[in-house]
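This is the structure I want to talk about, given as C-alpha cells.
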C-alpha cells in the first residue's frame, strides 16, 4: 500500500518544479500534471479497494516522527479514500477537459489547478484543526486565482466577491480554532472531540459555533451565498466543475469531520440550516434562466441536503454504514451529475437555458444530459434514489415528519426546474446550430456517464441484493437501445418477443389477481405493440422506453418487497414521462405529468416508509402475519393519495388529459388503457392490506374513497363532453372510467372487486380499441379536432366499426360486455348500500353516452370534409389489434362467465362470494343477468328486423353528399353543415358551473404563488459584494441566537 | 327454463303483437284527446295504423349509408328488446317475455340501445337538424334519467331486489301495497321523468317541429319511418308497462294492463297540453332539480 | 507600566485604524494600516513572541504595505494611460 | 441609511456575541500539557533552541509546508492576474530614473541585505526569526533593486531555479525523513548535535534555509508581478 | 493581557466596519487586513503567559527550567502561518482590484453588481 502522504509529496514536488518542467514544453508539463493526478487517483483507488473489499481498518499517518497531538496526523479510512478517489479522478478528467485552455495559458493556472486539488486532499485527510485551516486556505486561494482563468470582467467581479466572503469565513475559522485550542489545549481533532464536553460553556459553545459557521458559510448556505452563485455563473466550465464538486466535497468533509463537536440537541439546527438552503435554493432556481446559475442553485441545494442528511443521521444515531451509504449516495449523484452538467455547459457555450435546445441535435449528449438530470432528481437506478429510500425510511421510523415533508418538497421543486429544462430542450423548435464537441471535452463527460451507470447498476446488486428480476426492465431497455438502429417494425417484433419472454419468465409466480393485471399489462401491451409497427423509419428511442415501461409494470406484479415495488414504480414513471415527452406539443403536459407522478411517488415513498414493517407487494402480503399497527393511518392516506394521483382522481387530475392527449397517438393508447391501471393495482394491494389488518376506521376511509371515485367518474365524464379535441375527450373518459374502478374497489366487497377487475379488463379492450382507431384516423386526417373531421365512415369503415363496438361497450348498452360492468357495479353498490353513489354513477354513465355519441358522430358521421376526399383506411397495423380486441369483447359479451368466473375465484380468498351461477345466469343477492340470453334475444330481434327491412325496402339508391331535405336550399359548405363544434352548448349552459376549472385554477394558483415567492426571494441577491458580507454576518448572528448562544 | 324455446318465441311474438296494437292505439287516442282539448275533432284512434300502412306503402328511395340504413333497425330492436325484457303480466307465461334475461338494470340500459341506433342513423344522414335534435335529445335524456334512476334505486331499497317480478309480487294484495302509495315520492319523481322520456311538452324541444323540422328522424322516410312509427307504439307501451310494474302494482291480466298503462299515459298527456316548451338547458336544470330532489328525499326517507 | 504602554499603543492603533478606514486619501490609508501592523509587532515583542514580531514587522507592515503601494501605483498608471489616450 | 443602521446593529450584536471571547477567557499562567510537551521534546528530542522553530519546522511541519504552498499559490495567482504575457508590450514608463545616490546605495546594500537574510534563516533554530523572516529580508533586497532601478529586470531563470529547487528540496528532505525514519518531515535523519550550536537540531536548519530561499524567491516574484513584469 | 485581547477585537470590528461600509475596493482590502491583524493579536495573546519569556533557550532559559519560564510556542507558530496566508490573500485581492480597475476604471464595489438573482 502506498503511503497516502505520497499524495502530497507528488503534488508538491511537481508543483514546485513545474516551472522547470514547463520550460521544456507545455505538453510535457501538462503530461506530468495528468500523470500526478492519475497516480493519486490510483493511490486513493487502491485504498478504496482495500476498504471496500477487504477488512482493512482505517490507518493514521503520523508526520515528523512524533505521535499526535504533538505532530499533525492524517487519516486514511473508507470515507477519506472514497472522497479522495472522487476528487482526484474528477481533477484528472477536468484537467483533460481544460487541456486546451491550459495549452494556451500561462504556466500559473496549471500549478494553481494542481494546488487546488491538493488542498482538497489535505482537507480530507488531515486530523489537525489548524492544518485543516491551512489546507482550506490552499484550496480557496488557488480557487480565487483560478476563477480569473480566461479573465473577463464578470469573472473578476465574482472572484472578488468570493474572496471577501470566503476571507471572512476563514477569519472565523481562525478565531474558533484558537479559542478551542485555548480551552482544550490541543489542536488534534480526535482529541478535541473526546473532550467535547467543553461545548456546554458559553465560551466553548461560541468557539465551536464560530468554527462551524465558518465551514457552513463555505458550504454556501442560503441566504448567505450570493457570491458563490456569481462564481458558478461566470467561471469557466472546467474550473467551475471542480469548484462545484471537488472543493465543495472537501469542505463538506471537513464539516463532516467536525460535526461530532456539535452537541446532540443542536444537531437539528444544523439540519435546519441545510434544509433551508435546500428548499430556498431550489425555489429560487425556478425563476432562473441562466443555465450555470441554475446549476449553481442546484449545487447549493444539494449541499444543503447533504448537510441536513448528515446532521439528521447523526441525530438519529443511524448505523454508521447506513448513514455513510445515504450520504455518499447523495454526494456521488451530485458529484458526478454536477461535474458532468458543468462540462456540458462548456460545450454548449450558451447562457440561457432555452438556448440549450441545440442539444436536441446531439442525441448522445442529450441522453447523457438527461441521465445526469435524472440522477440529480433521484430516479432509479441512480444513487440518489436509494439514498432517498433509506433516508425517508429512517425519518419515518423516528417520526421526523416535518423533515420528510421538507426534503420531499425541496426535491419536488428541484425536479420541477430540472425537468422543465429537460423538456424545453427536447421539445424546442430551435434550429440546428454548429456545436463543437472536441474529444478532450466529451471524453470526461462520457467517462463520468459510464461511471454513473456502473455505480447505479452496482448499488442494487451489491447493497440491496437485487437479483435479476427487478432489474429486467432496465435490461429490456438496454437491449432495445442496442437494437435502436433497426427499423421500427423489426423493433416492434423484438419488443413483442421480449414481452412474451418476460411473461413466460414471470408466469410461474403469478396467481390470482396478479394474473388479471399481468393480462392487462403484458398481454394488453403485446397486442397493442402491433399498432406501433405503423411507425415509419427507425424512430429512435421509442421502443426502448416502451419496453422499459411495460416491463416495469410487470415488475410491479412480481415485486417481493416495498423497495422492489417502489423501484418498479419510479422506473415506470420515468419511462412514461419520456414517452409522453415524445409528443410534439408535450412539453408542458409532460412536465405536469412528471411533477404529479413524482409527487405521487414521494407520497408513496413516505407512506411505504411509515408502513415499513410490511412488504408492500402482492407477494409480501402473505409473508408475515399482519396486525393493525403495521399500516398506520398516515401511511394508508399517503399511499392511497399516491395511487389516486396515478389514476387521475378528481382534484389530482389536471396532469392527466394533457399528458394522455399530447403523447404520441399510439402511446396514448398504452397510457390510457394500460398504464393507468397501475394505480388500481397499487390500490388493490393497499386495500388487501387494509382488509387483512382490520384497521380502525377503515370503513370511513373506504367510504371516502368511494366518494372520490364517483366524483372522478362524474367530473371526468362531464368534462369529456365539452372537448373539441378527440384525444382530450378520450383522456377525460379514461379518467371517468378509472373512477368507476376506484369506486368498485372501495366497495370492499366480493361483487365490488369482481366488478372493478371486470371493468379494468374491459376498459383495456374498449379503450385500446377506440384509441387505436382514433390514432389511425388522426394519422390519416392530420388533425385532432373533431369538428375538422366528419363523414369518415365511408373512408374508414373498419375504424368506424371498432369505434362503434367500443362505444357500445363503454357506454354499457346491452348486449355488449360493457353492460356486464354496469350491472356488476350497480349491483355491488346497491348491495353495499351506496345508493347516492349509485345514482350519481347512473347520471355519469348517461353523460358518458353524450361524449361517446359526439365522438362517433363528429368523426365518422355527418358531412365529410372536402380535404378528406382521398383519405384511406387506417394502416392495418392499427386495425389488427383493434379487431383482436373486438373479438375479445364479443367473446366476453357472449360468455360473460369466461371472465367473471375466474375473477370471482380470484376474489374468493378475500371476500365471501355473493354471486352464484345457474347455467349462464348470474345471480346476485339483488338481481340476475344472463348475458348469453340477452345477446341471443337482441341479435335475434335485430336480425329479424334487418331482414324484414331489406325485404320490404327493395332497391334503394345511395345518394351523394348534401342530398338532404334542407328547406329548399342546398347547403354547400360541409364546414357549416356538419354540426360538430360546441356540440353540447346547451349542456354547458345548464351544467357549465361544474366544469369551471376550479382544480386547474387551484394548481395554477399554487404554481403562481411559488413562482412569485421565488421571484421576490431572489431579490435578496442584490449583486453587491458588501451586502453579501452583511448577509453572512446576519446569518451568523441570527443562527447564534436561534441556537441558544449564551 | 321450463318452456321450450320455440314455444317461448311464439309466446313472445303474441305478446309483442298485443303490445304493438295497444301501443299504437294509445297514440291514436291521445291525439284524439289533444284535438278535443284544443276544440278540434281530431283523427280517429286508428290513425296511427293507417299512417304506418301508408308509409310502408311509400317508395323507399334513398339511403345515406349503412348506418343510416341500420338506424331504424337499431331503434325498433331497442323498443322491442326493452319490452321483451319486461315481464308484462304477472303470472302469465305468454306475457312473461324474456324477462329471465335480466332484471330492471337490463331494462334501464336497454333503453339506450334504441337511442344510440337512432342517433347513429340520424347522424349519418348528414343533416344538421338531425344532429342538433340528437344533441338535444341525448342531453335531455341524461337529465331525466337521473330522477328515474334514483326512484328505481328507491324501489330497490324498498323491496331489496332488482327483479321486476319480485317487485310486482310485493305490491300484490291491496291497492295500498302499490309503490304509488308505499313510496309516493319515488313515484312522483319517476312520473316527472316519464314526461321527459315521452318527449311531450314541455320537453319536446328535441323534435321541435317548427325549429328543426322533426329533429333526429328528419331524413327518414318510407320503410325507415314506418319502422320508427311502429317503434313509437311499442316503446311507449314498454315504458308504460315498466312503470306499471314498478309503481302501480303490475298487472295480473291484460285488462289491468290496458287500464293502468292508459292512466299512466294520461298523466303525461295532461301535463303536456298545459305547459309551454322548455329550452334544453332549462329542462336539464329542471330535471336535475325538482324531481331529483324528490327522488333523493325518497331514498333518504327509506334509508332512515 | 507595561500595561499603560500597551494601552497607549492600543489607542494609537485604533486611531490609525480609524484613519485607515475613514481617510479619503488612499495613500494615507495604506500607510496607516502599515502603522497598525508595525505597532502590533511591538505588542508581540511585549507579549514575548519575538518570532511573530519579526514576521509581522517584515510581512505585515513591510511587504503588505509595499504590495498595496504597488497596486496603487498601477492604478495610477492605468489612469495615466487613459489620460494619454 | 437603513443599511447603515443595520450595519451598526450587526456590529453591535457581533460584539455582544463575541463578549465571551473577551470576558470568559481565563488567561493562564502555565503551559498546558501539549505546549510543555513541545518545550521538553524540542529540547530533548530535537535539540532546537528556538522552540517556535521546532514547532514550525518539525512538529507542525505540514502546516509550514502548506504555508509555503500558500505563498507559492499567491505567487502563481498574482502572476496569472498581473504578469504580462511574453511579448505583450507595456507602455514605456516615463518615470524619472532614481537618483544616483540611491542607485549606488542600493547596489552596495543589496548583497549585505541578502547576507543578512541568509543569516536570519540559518539561525532560525537558535534565535528569533527563521525562514519566513529571512525570506522577507531577501525579498526586500530585491525590492531595493527594483526601487532604485526602474528598468531593472529580474533574472527570471535564476529566480525560477531557486524557487523551484528550494521547494523541491524541502519536499525531498521531508521525503528523506519518510524513507529513513518512516515519517514525513522527520528531521532527525541528520545528527542532532548539541543544543545551541549552528549545526544542531538535525535537518531543521537545512529545512528552514530552503524555506527561506523559497519564501524569498516567491515574495520577490510577487513583487515583480505586482510591478507588472513579463512572464 | 486582556487589553490586547480586547484591542484585537476592536481592530476586528473596525476592519469589519470598513468591509461593510466603504465602497472603495482598496478600503475593503485594507479593512480585511486590519481584521487579520486583529485576529493575529488575539492569537498571540492567547499564547501569552504573564511574566514569562520568549520560547527560546538561552542563558536564562535552560533546558531544565524552560517549561516554567516560557510562553506557549504554539500560538506563535500558528500566527506565523496566518500572517503569511494573510499576505497571500491580500496580494491576490489587490491583483483583482488592479485587474478590475483596468477593465472598468472604477474602484467602487457598487459598480460590480450586474451579476445577481
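First chain written, first letter: the chains are A, B, C, D and E, and each begins at residue 1.
Assume contacts are C-beta pairs under 8 Å (C-beta built on N, C-alpha and C of every residue); 3 or more make two chains touch, one makes a residue touch a chain.
Here the structure is a predicted model, which means the values were calculated and not measured.
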* To do: Spell out the chains that contact subunit B while also contacting subunit E.
  => A
* Structure fact -> A student comparing A-B to A-E should find more C-beta pairs in contact for A-B
* Asked: Once you find the CA centre of subunit B and the CA centre of subunit D, what distance in Å lies between them?
  -> 107
* Whole-Å distance, subunit C centre to subunit E centre, using C-alpha means? -> 11
* Asked: Any idea how many Å lie between the Cα centroids of subunit A and subunit D?
  -> 55
* **Intercentroid distance (Cα basis), subunit C paired with subunit A, Å** => 58
* Structure fact -> Expected list for subunit D, residues touching two or more other chains, is 7, 10, 14, 18, 21, 25, 32, 34-35, 38, 50, 52, 60, 63, 66-67, 70, 73-74, 77-78, 81-82, 128, 132, 222, 226
* **Per-residue overlap in subunit C, given as positions that touch at least 2 other chains** => 49-51, 55, 59, 63, 67, 70-71, 74
* Pairwise chain contacts under the document criterion -> A-B, A-D, A-E, C-D, C-E, D-E
* Residues of subunit D touching subunit A in the complex -> 3, 6-7, 10, 13-14, 17-18, 20-21, 24-25, 32-35, 37-38, 41, 45, 58-63, 65-67, 69-70, 72-74, 76-81, 83, 85, 160-161, 163-165, 167-168, 170-172, 174-175, 177-178, 181-188, 214, 231
* Structure fact -> Note: in the complex, subunit E contacts subunit D through residues 1-2, 5-6, 9, 13, 16-17, 20-21, 42, 45-46, 48-51, 54-58, 63, 66-68, 70, 72-74, 76-78, 80-81, 84-85, 87-89, 91-92, 94-96, 98-99
* To do: In the complex, go through subunit C and note every residue touching subunit D.
  => 49-51, 53-55, 58-59, 62-63, 66-67, 70-71, 74, 77, 81, 84
* **Complex contacts: residues of subunit E adjacent to subunit C** => 1, 3-4, 7, 10-11, 14-15, 17-18, 22, 24, 26-27, 29-31, 33-34, 37, 40-41, 44-45, 47-48, 52-56, 70-71, 75-76, 79-80, 83-84, 86-87, 90-91, 94-95, 97-98, 101-102, 105, 107
* Would you tell me which residues of subunit C are touching subunit E in their complex? => 3, 6-7, 10, 13-14, 17-18, 20-21, 26, 29-30, 33, 36-37, 40, 43-44, 47-52, 55-56, 59-60, 63-64, 67-68, 70-72, 74-75, 78-79, 82
